[in-house]
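Consider the two complexes below, in which chain A is the common component and chain B and chain C are the respective partners.
Here is the complex of A and B:
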């Protein structure tokens, strides 16, 4: 299990938070104060896993800044799954700006995470996936998720 | 049963004591023997040297006295040889020397072929005549000896008188004259008589004692002790020494010096034991010194061995206690050496063992309690297979540890069939307690004939009140009405179950329909949460798969998680021919085991399916 790692970069009222590792019962959010930041960007591409204890701490952490505008960037699948499943994981004042969608080719076993960006691959109510995702050998890849489940948070 | 180790053999204390005592004792003994041997040899050499000096000095003094006497009487000899008799001048010389008692001149007569007395001088009238008569038998022998040696000295009367025979002959050897000088050498005799540890003898070549201690005059020196120096082979040796043992068995150190007058020798004899008395003193004093030294060594050894072994004895008794099961024993050793370090390590070890035993006992107790809790928790779960109305139900549950945080349940409440599944935060005993609370609450809720959303609101309050927001629970509750074929459900952030509708073609992943139209916060997150619900139609042969997230986290021996993709593949594969609920669960269970390869679970695994059977 990779250790939870946080980097915070505050510039005025803007705060950039870079998260990596695993969020579990050992992840200490009490030292990560979001207070005073009106705009918070959370970069999550380095997150590997999150368990139920981590979810509890996550929701508690983000609830400390109900008035801030929070954006989730480069959310990995583990986070998107929690966004879809756990009510409150994505607070009302937060918005997903980009997230990864896993693709794979069943024949070759190739895997790829494709970044879906707000305004390009998805909007507030629709998903516009890239028409043609191919692996390094040019083989077509298909989405490795159940779309009705994975994109549920977009269509709320 | 621990075996007590018994002490046997010689105590280490006595071994140390013996070692510390025997080493100096042995060393000192060897030193003493060597020192005594060297000292004795040196002393013997010194005694020989000293005796030789004494005998040599006596020989010189005796020789000087004899030569002086001879010089004095030589004019008398010349007077006789010139005049054929002793004249007045001879008388004058003779009478002038008090030591001379007589002087007799013998001449060899061819006619009688023997020495005849020709003239004599005497201090006491008629004394010489008496002496000559007394020596009538021995004189011929003396004269015979003179044939070999021109001068001999005798003491026929065993007193301080010596008879010096001096043979004089002319160049043609036609006239042979023998002068017998009777002289009393009292002073010289007294010197030989002097009482001391060193006895002096003036002897002839034959060993006859001329002067010596009392009661030895006239005796052969050989009667006192062996006199190898009188052997012919050593007759020409002027001075020498030898160690002998006398007839009484007494060791003696004998030295001798030739007097240089006739065949006389001066012999010195010392009792070796007396001569080496200093050696005895040395040995005695050394033994006393060694005794004191050994006593001090023993006392120091006793103290040292006591100091050493008291710590070891403490350790021995402590280890004995440990072997008897008493791990609370501690050793008090204050030394800072290896024994002290050993004692410290022993104390640490005993404390650690004691702590581990306590932990083990506590662990055993906790395991026992957990086993009890597991037994109790198992009663919270329903039979894994059931048939309620049109629904066939089959499930699987395995906790990651003794107690789990997953819970599933089904029951009939009125005409509705309630289907419950939840997953408490974490797993283990704390999560199991929440599932117990959920089960207790469900028992009441299922009698209330309320909707799933209302049921979750009550359940949420129950969980919140129990956990105070510290432990939450995802939950999915569905209620199926067989009459309307409507399935109502409310979700509290739980994994959305999949609705699987029977199609004309084999099932594909995209055919899995997640029941995620509504979602709500987890139970226990906020006491006042209002829950929403929705409905779907559950047609004949429709199947719903309920599960917890632990199923995708199942790891194999390579620590590789099963993952959502393989899980969904397995679901599709197990349902390709739309089997019964029981068959589907059996297939999925087998696929899980194939991946898992006996590896332990990292999270609780729960899933169950509900199938609306066609024939109802």
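Here is the complex of A and C:
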């Protein structure tokens, strides 16, 4: 199991937070002060899982942030699922800048996560998926999520 | 548009693909016809219309998967039409959109149009037919929704029909469930355990609460719920692992150490016994998630470390047995099983004649059940067995289904006319006094993926069996009356205003019934204290009608039944009481009332030594319980038979090693 790991990089009023591992009852957010930063970028590509204790801790943590501008970057599927399911997981002052979408090929069983970026693959009200996603052998891949559920947060 | 060599060379879709329903909204007749021809030839079901009104008509009656729409229509822009439908008829607008235009081909326009309509493609006219046909695909979930197998929830309960369930399949299946009932959770827990899952199941309540269950390779290693009531003290006393005074002393200790640690360090509790109690605590917490409410779930596979205490497949069997017996309401089970009434119950690959689950009380209480299963009985046939209690049948079958030992056959059996008449009569009488919403609930039709009366009725009809041929028969008449009643209820259900009104009325009636049930059960309690068993019997019958889910219902019902045992039918009476006690939820077992009623039952069976111990446990939990003291005094003169270690069962003997005298 991967432990929760945080790296913070502050430059002036900007703060970059890199989260990795599992967010669970052992994840200690109390040490992660976001105070004083007016712009916070949270990078999440290394996050592996989050359980119910982690969800509660996350909401508590982000609710302490003053009116900063927060961006969620490279959100893995586990995080997108929580954004869609849990009110407050994506605070009102936060915005998803990029997130991963799983793709799958039925014949080869190949799986791949494709990064959707704001302004390119999605906007405030629409999703513009890349037209051609292929696996390593060049086979076409299909989106492996229920689109109406997975992209729900975009229209939130 | 070009058709190369006059041949539609697009790859032929699979059988499932051929069921795709397509609507073409195109005012250019020749183009529309050609596209329809092409899509029909590869097996799709295609509707062609030239104006938006006609399209709306088709959309309101058919579940369309893909809409091909021209951007420039006579009365409205195609893009505006799609947006309007998505806003005004969201439940009917789950189709994918393919936009077509020969005029608007500017890049910015296309990009904006795709964004607005969430279209999957934009075809510039003239286009190649092959190119147009390749978009006529839908994903697995959408396909399954329209297959015979029915809703995602129905697929969930048939998953054990497969020999191997991959992580992806599990995830997709769980994802496809829009909302489930808290009563579906035992099945989901079992599925995750039996398929050796690792990861986190997060459970979201409508009140914003989030609970979670963590699994490591098919073993439950963590349960997190918002209500952290521990019951540890009660559990330690009732299990006999600790003495009441030791627990009290540990509780009075103001140190920050946990209760268990304090007792272990004071040498008043064995660490192994404490692990057993912690497992039981997980059972209680899991049982608290099993509620009659709508929830949403999400399972994310992840590496989770194996830790103790934990619940493996074998322990889970016992807990599933208790949850299904005690937590799932009969009304929910009836509604849940309704769709499978006429399907044969078949053994799955894991069914073995000596499977320990077949020895558990719910199964053993139905004599000959396994033989019935061996010969491929249907649920309707099982329910018609005169010696079987309806609730017991539903619970036993659900338990076997949950453990993955049985599945329902893929197709319905041909129903014998007499049996069909009996079923129709029963259904007719049971829905007679129900309102429209209750009718929907009765048949388990409230699946939000079903959006037309036609589809809802289609889902429900298998319950009635085929329409009887003889138009003058009683069965024919009943079949028609039930269908009409259900159709009427479905159209009311699909009307949001009527549904809301019916829901409000139902909630009001239920609240009144619950209130009344609370006061009647109080009267019954008083009658029981005064040994007025006949009066208590009448009162408990009223409670059963008003709200059988009320707290401690089965405990008081069991007490009442002990008091009303008919000596001429003692065997049956004792079986009934045993079934009542089986339905007591796990958290109610740590109330002093449970050992008291168990003691009464043991006394009625002639197990005086067991009864004495139960009354003592009761008094250990609540020293002020006068009725228990009275019973104990009555037993006073009877010598308590000491357990002989040679005749004791193994479990009892082993647990005895950890008990405090």
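By our rule, the second predicted complex is superposed on the first by the 155 of 156 C-alpha atoms of A that agree within 3 Å, B and C clash if a C-alpha of one lies under 4 Å from a C-alpha of the other, contacts with A are read in each partner's own complex, and residues count from 1 in each chain.
What we mean here is this: a residue touches a chain if its C-beta (ideal position, glycine included) is under 8 Å from a C-beta of that chain, and two chains touch if they have at least 3 such contacts.
Values in this document were obtained by computation on a predicted structure and should not be read as measured data.
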Quick one: is A:152 in contact with chain B, with chain C, with both, or with neither? Answer first, second, both or neither.
first
Of the partners chain B and chain C, which touch A:95 in the superposed model: first, second, both, neither?
neither
With both complexes superposed on chain A, which partner does A:52 reach: first (chain B), second (chain C), both or neither?
both
Just to be sure I read the superposition right, which of the two partners does A:78 touch: chain B = first, chain C = second, or both, or neither?
second
Tell me which partner A:123 touches in the superposition: chain B (first), chain C (second), both or neither.
second
Now for A:87: first (chain B), second (chain C), both, or neither, which partner does it touch?
both
Going by the contact rule set out at the top, does A:25 touch chain B (first), chain C (second), both, or neither?
both
Which positions of chain A sit in both the chain B and the chain C interface?
25, 51-53, 55-56, 81, 85-87, 104, 144-149
Quick one: which bits of chain B touch chain A in the complex? Just the residue numbers, please.
423-426, 472, 474, 492-496, 509-510, 512-514, 516, 519-522, 525, 549, 564-565, 568, 603
Interface residues, chain A side, partner chain B - complex
25, 51-53, 55-56, 59, 81, 84-89, 104, 144-149, 152
Could you please specify the touching residues of chain C with respect to chain A in the complex?
94, 111, 114-116, 118, 139, 141, 168, 172, 175-176, 178, 199-200, 202-204, 208, 210-212, 214, 222, 224, 296, 298, 300, 302-305
Chain A residues touching chain C in their complex are 1-2, 22, 24-25, 48-53, 55-56, 77-78, 81-82, 85-87, 104, 111, 123, 125-128, 142-149
